[in-house]
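Next come the structures, one after another.
Heads up, the next two complexes both have chain A, just with different partners, chain B and then chain C.
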Partner chain A sequence: MDEALSPTMDMIISLWPRFLDATLLTLAIFVIVSVMSTTIGLLAALATIGAGRWLSMVLAAYGWVFRGVPELVILLFCYLALPQLGLDLGPVGAAVLGFTLISTAYEIEIFKAGLAGVHRGQFEAARALGIPLPSALRRIVLPQVVRIVATPWITYATGSIKRISIASAVAVTEIMQVTKQAIAFSHQPFTLILFASALYATMASILMIAEIIAARRFKQRFGLSTELP
Partner chain B sequence: MSQGADPRSPAHEDSPSAGAMPTRVMVEARAIVKRFGSNTILDGVSLAATSGSVTAIIGASGSGKSTFLRCVNLLIRPDAGELFLDGQRIDTDRRERDLLRYRCEIGMVFQSYNLFPHMSALQNIIEAPMIVHRVSRAEAVERAMGLLDKVRLRHRAEAYPHQLSGGEQQRVAIARALAMRPRVMLFDEVTSALDPELKGEVLATMRDLAADGMTMIVVSHEMSFVRQVASEVLFMSGGRIIERGAPDSILDRPQSPELSAFVARIMD
Partner chain C sequence: MNFDVVFDNLDLFWRGAVSTFTIAFVTSVLSVAAALPLAVMRDMRSPFLSWPAAAFSWVSRATPALALLFFAYYGLPGIGIYLAPVPAAILGLSLSAAGYNMEFIRAGLQAVPRTQYDAARALGIPYRAALRRIIIPQAMRVIVPPLASNLTLVIKGSALASLVAVSELTGEAMALISFTYKPFEILITVAAIYLAINSALISFQHYLERRFRFG
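The block that comes next holds the complex of A and B.
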């Protein structure tokens, strides 16, 4: 057993620093993209409250493009086409921009649904008490939105992490890119793909566990289910 | 049309505040009109509530009672008409921000309670005073505990809305509105969603409030409450007030066929 496994182990150990860098890069892209798309998505969804029809139409068109066009096409556009327009962000920059554009389209929908899930009586009660809209959103509406979007947000985030593997197509040295390079010189695709899968599964599991903890916390604290009523 | 009761006449004799206060008009609405699209939902509704009076509004579902209450505190803006608070004319065209100060002088309690579900009873009550009046937490808590005493729920201060019965939730909602020290309270069918055995505790709280001299406008179909507490009853139908007067005359001697039919329906 030991004899048979040791060359494989040796390979993994020798590649580990590169896999570690690739994992950290994947996580960094994920965190930056998630923070930016969540912030923009939330603000855009909030802006639709009481805004005119034109904003809804602009957002609908945006969602249509960035949810409709394949992720790879958008990444290639950011990596290859934007430099032609004078915007050369490099591989990582292009990937971050592309994924942010895509994720924002989904986050807008997630937060719009979250806002729609807050009973309109909540807005009315806040207004009747004379609470200004910004305070009402921050103190009364958003905490309820967070509860509603916790599950869809984490579901989407879990997909997001996996989707970053597509960035290997634009020369980002994330996990899949390193795996492909390692396969090219070691000819051990089985082990390496299994190992890459384990890395993705670990990251996704952490998010899924976070969701379970969040759901339990909401339940204990407020007796509220994270399921929609 | 009018049952002859001048809104400025002394309050109903059962009212505990009768005679104790000068008959100052606390809130007045003149010829309020509200349209939704091409439907005229309020067609010139007027009301003058003297300080410490209890005005009851009755009428069939869809007659415009809730819309009228929402116009009084400007949750929705009337298309025409005037509002006065304690003699001061309210400019209904102001921006939402500028209406907030007027709105917190007028407390409102809803049929569906609308407590903030992620906050305890106490937090529900202290939230608006801390944000709007910028009172310290300690001061807000002290006053909130006093209000919880008043609605007999001091022991439930730390409970979340889902842990409270409907009647308890509604009493917390009343305390929450009172925490803003409003000069007028609006009640929109606040017992309609409650089981019969829970209505009583909410109505008792409202009776206490009336006895304290709060000016109240109450949409309610609790006829014994209306009879005992109201100074004046307005009957709405089709977006207009078609009869108004003392509770006994309105309920026992309806003039219009609409009111006769309505009274017959709710008495059985």
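The block that comes next holds the complex of A and C.
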């Protein structure tokens, strides 16, 4: 058994540094995209509270486009079409921009639903007590929003980390790209794809477990807050 | 900006769109057909049935769709199974969609009160007939909306088939870009076609939801 396994193991071990770099790049893209899209998504959702209908319409159109067009098409646009307009970001830059545009569309929906889940009376009570809107949002509304959005946010993040594999199509050396390159010279597609899938599945599984924990932890508190009149 | 490249190649976009729709449709049907028995198995008492179903669900949901596509197209020949690009793409996309569909169907089956199962058993109705005639019709109300929105996700996912040599909409577009070098015009058109297909599907989804509202 050792003899049958060892060439495969040797190949994985010799490729390990490349796979490690690819995993770190995947994680880095994931973190940057998540931080940017969460921040922009939250701010955009907050802006809809006070703003008129035009902002909601602009955001609805934005969501319709970026949630409806395949991720691959958006990445290809950022990678191939934007340089024609004078914006050449390189492979990683194009992927980060593309994924941020896509994720922001989903984060806006997640946070809008979160804000809608906070009872209107909370806003009115804060105003009646003379608490300024920014500190009411920060101290009263957002802590409740965090509990509501925790589970859907992690669910989306799980999909998000898997989707980074698509960046291999725009020459980003993340895990699938390194896998494709390794297949070209090692001719062991079955093992290599299994290994790459395991790397992605490990990262996704950590988030899937976090999702279960968050769902359990926030269920009670969320249940309590909805019972209020 | 010059959209002549689009108008000169309308037949190519049409072919691509038909191919995208066909792949997505077959994938949806296959992934639901595979997910239904798996969802039933998942909640069976026997661990020999429930564990494989749970493992499949986890693998399917934790693995990127692209990795499953590559597995079907580049990986399977490694163990002697050779699939043409389109069947390989459909297999990869179906494996990816089946895990989510399984969870939607399970949620639907669990939403049917336990007493319905008990009543069917008390009346001596065999389990399979009870599922088909009593449980599933009631579960449809819960199952149809997420399954229908999953169809939109499958349309988006089918773009990945272009990466395993399938000439669907994105594949045709990538080929056209590589010899005309007009990425801007071509990709904008492709995006508009995907949005049009999605809008048609969302109307269909609303129709289905009305149809199953009263179960």
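In the analysis below, the second predicted complex is superposed on the first by the 211 of 229 C-alpha atoms of A that agree within 3 Å, B and C clash if a C-alpha of one lies under 4 Å from a C-alpha of the other, contacts with A are read in each partner's own complex, and residues count from 1 in each chain.
Note that in this section a contact is a pair of C-beta atoms (placed from the backbone, for glycine too) under 8 Å apart; a residue touches a chain by one contact, two chains touch by 3 or more.
Keep in mind that this is a model prediction, so the values were computed, not measured.
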| item | value |
| --- | --- |
| Which of chain B and chain C A:R139 touches, first, second, both or neither | first |
| Which partner, chain B or chain C, touches more chain A residues | C |
| First (chain B), second (chain C), both or neither touched by A:Q84 | second |
| Partner chain(s) touched by A:V73 [first = chain B, second = chain C, both, neither] | second |
| Which of chain B and chain C A:Y62 touches, first, second, both or neither | neither |
| Partner chain(s) touched by A:Q122 [first = chain B, second = chain C, both, neither] | first |
| Touching partner for A:I131 - first (chain B), second (chain C), both, neither | first |
| List of chain A residues in touch with chain C within their complex | 64-65, 68-74, 76-77, 80-81, 84-85, 158, 162-166, 168-169, 176, 179-180, 183, 188-191, 193-194, 196-197, 200-201, 204-205, 208 |
| In the complex with chain B, residue positions of chain A that touch it | 119, 121-122, 124-125, 127-133, 135, 139-140, 143-144, 147, 222-224 |
| Complex contact set, residues of chain B against chain A | 73, 75, 96-97, 100-101, 103-104, 106-108, 110, 112, 114-118, 127-128, 131-132, 160, 162-163, 173, 176-177, 180 |
| Residues of chain C that touch chain A when the two form their complex | 58-59, 61-68, 70-71, 74-79, 152, 155-160, 162-163, 170, 173-174, 177, 183-184, 187-188, 190-191, 194-195, 198 |
